[in-house]
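Below: the structure, in structure tokens.
As written, the chains take the letters A, B, C and D, and residue 1 is the first residue of each chain.
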Amino acid sequence: MNMVQAINNALEIKLREDPTVVLYGEDAGFEGGVFRVTEGLQEKFGEQRVFDSPLAESGIVGTAVGMAIAGLRPIVELQFCGFVYPAFNQIISHAARIHNRSRGKFKTPMVIRFPYGGGINALEHHSESMEAMFGHIPGLKVIIPSTPHDAKGMLIAAIESDDTVMFMEPKRIYRAIKQEVSEEKYSIPIGKAKVLTAGDDITVVAYGAMIREVQKAMVMAKSKNISVELIDLRSIYPIDKETIIKSVQKTGRLMIVTEEPKSFGVAAEITAIANEEAFLYLEAPVKRVAGFDTIVPLPATEHFYLITPEKIFYELEKTVKF
Amino acid sequence: MNMVQAINNALEIKLREDPTVVLYGEDAGFEGGVFRVTEGLQEKFGEQRVFDSPLAESGIVGTAVGMAIAGLRPIVELQFCGFVYPAFNQIISHAARIHNRSRGKFKTPMVIRFPYGGGINALEHHSESMEAMFGHIPGLKVIIPSTPHDAKGMLIAAIESDDTVMFMEPKRIYRAIKQEVSEEKYSIPIGKAKVLTAGDDITVVAYGAMIREVQKAMVMAKSKNISVELIDLRSIYPIDKETIIKSVQKTGRLMIVTEEPKSFGVAAEITAIANEEAFLYLEAPVKRVAGFDTIVPLPATEHFYLITPEKIFYELEKTVKF
Amino acid sequence: MFKEFNPAEDKILRVIDNEGQLINKKWMPQLADEQIQKAYNDMLFARVADTMAVSYQRQGRMFTYPPNLGQEAISGALGNIMTEEDWLVPAFRELGAWLAKGATLKDIFLYFKGNEEGNAFRNVKKLLPMAVPIASQLLHAVGIGYAIKLRNEKDIVYTVVGDGGTSEGDFHEALNFAAVWKVPVIFVVQNNQFAISVPFSKQTASVNVAVKSLAYGMPGIKVDGNDYFAMYSALDYSRNYASEGKGPVLIEALTYRKGAHTTSDDPTKYRTKEEEDFWGLTDPLTRLNKFLKAKKLITDTEEQTLIEQYKKEVDRSFEEAENYPPTVLDDVFKYTYVDIPEDLKIQQMEHEKFLKWKEAQK
Amino acid sequence: MFKEFNPAEDKILRVIDNEGQLINKKWMPQLADEQIQKAYNDMLFARVADTMAVSYQRQGRMFTYPPNLGQEAISGALGNIMTEEDWLVPAFRELGAWLAKGATLKDIFLYFKGNEEGNAFRNVKKLLPMAVPIASQLLHAVGIGYAIKLRNEKDIVYTVVGDGGTSEGDFHEALNFAAVWKVPVIFVVQNNQFAISVPFSKQTASVNVAVKSLAYGMPGIKVDGNDYFAMYSALDYSRNYASEGKGPVLIEALTYRKGAHTTSDDPTKYRTKEEEDFWGLTDPLTRLNKFLKAKKLITDTEEQTLIEQYKKEVDRSFEEAENYPPTVLDDVFKYTYVDIPEDLKIQQMEHEKFLKWKEAQK
């Protein structure tokens, strides 16, 4: 399966086994979504459970909050990360807070899914990576898969979570990676990072579409005898400090690769964590390889903005040599 | 003047000297705002230039974007930091981007003012500190004064800036500090931090209402012979790396005091900067003293959440002793 | 009813006049005397509690509080219409409705004393906590309506918002979604003429609020919100409409916020004595009282006795709230997540360490 | 006009029928033959350019492009109504209107080839770049209208949005602010029946879009958007209304998106051949062509010649766009701020260093 199929499969499993699960969004019903992630689900589960909504993101998230309060488990699709902003008030003021506000009387078991990230030659607002903003909001959980296998297991965990989960889909690799994925139900716990490759010289933390880019850079690194320990963060919040710290204690060096704007991003948080918990182990400054603090350019210029394996290797080598 | 008066004075000066300046928001016209910051301005400059708007934050910011495009310099007031979210789409997708999108043909010289922060026994959503989110948005400038004097000079600079400026007002000290403030026009450049107290043992970076709390902690520190260098950050973005780094190179220790939720906050960014630019000077882990990653509690419980001088001193001492 | 009171022609449903005289027999609800008496008593209780809340606040025993004075008929009617199975999705100025839904005064006071525990209304099933971000709660009502419809249940969702709230994008999205999805939601707009200091005329240029229903293809009706019978009648008709699966209804309840916006507000800054006097004549309690007196269902002495009794009850509830145990650190951390992240637990533990250290310093 | 075509009764303004026959003399605009011919030619040009844009995209020479096929009468009329002093605040599917406002095809192609420089429309003063977040641009139009009013200028602001866009909160807030502030803004809703795959019936339950004007106290009118004369007439009337200081107007232009949503979309998935055929009969160019033919103002050969000429022109513009110099790193950094932060300059310098290193590796 590719990631689109794996997500579709996870949605199907949960829609089948749990009658409280509903799924909706702009074009998410009849057509199956602009990326065809929900294709076929309306046919299988009917218009009452899988449906199109009017074009209004605050409306989509706000109604989902209500459904969740009333005992459903809504999954909503927002069309692109750049179109989540109209829903911010509902996300921050309600989806993230009803449980706290009602002192546990009501909860909001809901999933807000949306594709994010650059590299697909898209229009303006279609390439954003805003995970740090969500990570900063008390009450939200924020997760990002990097493989079809993880996408399925993490989405199932998200749907089963009693907290609101932002499930961000790295659309650049929606169809780029194929993998054996079991048709059975399984879930991958929220909040656990995964060491993808063990190594000695430096720890690299990345997630989503950046994993593949780091892996390409690792081929170059290998030829220079640099041994990289690669961690797939998977969960932006809660963040798996333990896995990161353990690795940094071993390698003494840390680099973070993210496609978000650099300032005030996830990479800064991870740097702060390493600093707080592994200060005495750090042999070089933690390196942030991230997007520029600019708007993601349109396709003709985006190649300057995208983080390439060369760029990763370039910074990797410098950090290892520090 | 207190900070309310200083801000009012800055608004008056710019309304008087620049006919393109207009000022509006919910209750900002006739009544002079819920905190009386704009009091008297409608009387002085008429209903066309200082006015009430309908209750709709996206509308307020979105129309300001249009006004700015058409050559005005709108200043809009949003009632509380917790009510900025409905305007996020207009702020992120437009106020921060029109200049880029039109390749410099149009710009958005506008100021978005709003009170933020806790400590005033307020209702839910009235105590938030979301500066990190704004700092993360390419295209925005984000500034926070800590004194009446700074508030006036920084606001004048913000109004004169050709970029969109988020001007966040620490409402907890709106009336708490009185100062001689010149009636004359002056401005304080955006992006420059200020060393408030020179010291040797540790650098503390703070801003807004936290400055006063740090100063109280410094009294305790002094009695223990700890010499603190206190920096008022003033500008969240652009961030004045130079001033911070220079100080850390001298003291070898850094603590950041912010009232925002800790994870993915301003304190993480400053930690990352210190790590990148002063790694070899750091003698202890950079310490973040920040809010919990929870929702700010209501008044009966807020004292647990608020950062107190004792808490600052407690962490200060530990960091110095590290 | 919806045709008869076409909001585009700015018609208004009114059943009794300011003197408590019946002026519209057709829409006078069929209520037993005891029902009317009970309604009056509920409204009176709400008024007593509201007035006392303001004075507790003045005494510094409560934080900011939004008075309900003058708006009692709306929640009075709501209270008599709602069943236990119905949902109430309130804003923040709904004292009477909360009470009608079964919330305790103790909880309400607790909340305005700054303890979020009061907002849980633990003893009431289908009552949402108060929502502060204006108009945002309307979408929750629509989502709940969707769940009801999906499960083929019979509940109705009542949700309330102010005139200022009609300007927010969420108002629009909520009404639009509700009508497209045909969910059983009754939107009640308390048009009390002001959003803090901003008068209705600066809020919208439409002839009234009810006409906004046309934008969504749902019925809308403007009602004298200070007329208990008119409110009851409109709610009753709307409830039947919604429960027949015909979809949502928008009710504009014309009223006047006689008090301040909140206890931190001073309305004399932005409105005149004449205006206040004009609206004073429409007071919902006075009108219903006159109606009851004409029917000899109440006397001044009876009313006085009631008021004294209510005052005691309110004071008792307030005491309960005052004697409520103080909050603890755990209250900050316990509910941000259902499944609490490890890191948050560590933040709590570290703060406990600090508190111990602080204690030790003394 | 607004009374005659009451949107609450779902009236529609139509001037010629599908056969190009005049059916409403009263509202037939007084246009000279040459004006009508010019309008037709503009629409034809837009159609040729649009069709060719789709095929450039198919050839992989352009990125995603949103076709305008079938919606030419709306922008054709807009183009003839707008003056140089007027503002146009477009969404993203406004090819004809951009061209009418003076934008060059080269710029438009450049934009859809992924270069933001094309979106600046440097040669046109009061044309905003295209806005992608649905309905958000409407508020900018209102703000511009406010500036015009404050400065006592005479300009009119035209702004365009789709039927899907009417569901967004910003649509509501924009119309409400516009009416309260009484600004000279004309809102044109291109109701092309679809928001990507979602049909109008799932977008709203209101009888039409025009009736939504009642919610704001502004006039609204539903117009046959595939009838050039009806569109012209409605825009002309609305412009006069707005320029008399009476405030904003909402025009619903009923049309049909004959093409795909964008070049990445396949409409056969969600609509039927019958539906497409039905709307095919209302094609705006065919209708105007029939009208012109009946008046002997155009022949098939003339039209063919025009098309050939336009094709060459379009190809020339496309070539210009293709030959436009490639972008440089500076294009990423130059415009995020007017006053560029030091740190951003450093990010750029560091990336330059990396690019040099990379170059050196080869």
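Methods note: a contact is a pair of C-beta atoms (placed from the backbone, for glycine too) under 8 Å apart; a residue touches a chain by one contact, two chains touch by 3 or more.
As the structure is a computational prediction, the values presented were derived from the model and not from experiment.
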Contacts common to chain C and chain D (chain labels): A, B
What is the chain whose Cα centre is as far as it gets from that of chain C? D
Centroid of chain B to centroid of chain C, CA atoms only: how many Å? 36
Hey, how far is the Cα centre of chain A from the one of chain C, in Å? 40
Residues of chain C that touch at least two other chains are 116, 133, 167-170, 173, 176, 180, 202-204, 336, 341, 343-344
Specify, in ascending order, the residues of chain A that touch 2 or more different other chains. 54, 56, 58-59, 82, 85-86, 89, 93, 100-101, 124-125, 138-139, 237, 239, 263, 292-295
What topology does the chain touch graph have (line, ring, star, complete, other)? complete
Name, in rising order, each residue of chain A that touches chain C in their complex. 22, 48-49, 53-54, 56, 58-59, 61-72, 74, 86, 89-90, 93-94, 98-107, 138-139, 141, 161-163, 191, 237-239, 241
Where on chain A is chain B touching in the complex? 58, 82, 85-86, 88-89, 92-93, 96-97, 100-101, 124-125, 130, 132-133, 135-139, 237, 239, 260-261, 263-269, 271-272, 275-277, 279, 282, 284-288, 292-295
Within the complex, chain B is touched by chain C residues 63-64, 92, 111, 113-116, 132-134, 164-165, 167-170, 195-198, 202-204, 264-265, 269-270, 326-327, 329, 331-333, 336, 341, 343-344, 347-348, 351, 354, 357-358, 361
Per the contact definition, I'd like the list of chain B residues that touch chain C in the complex. 26-27, 30-31, 34, 52, 54-56, 58-59, 82-83, 85-86, 121-126, 262-263, 292-295, 297-302, 304-305, 310-311, 314
Report the residues of chain D in contact with chain B in the complex, numbered from low to high. 87, 89, 116-117, 119-122, 128-129, 131, 133, 136, 138-148, 150, 169-170, 173-174, 176-177, 180, 334-339, 341-344
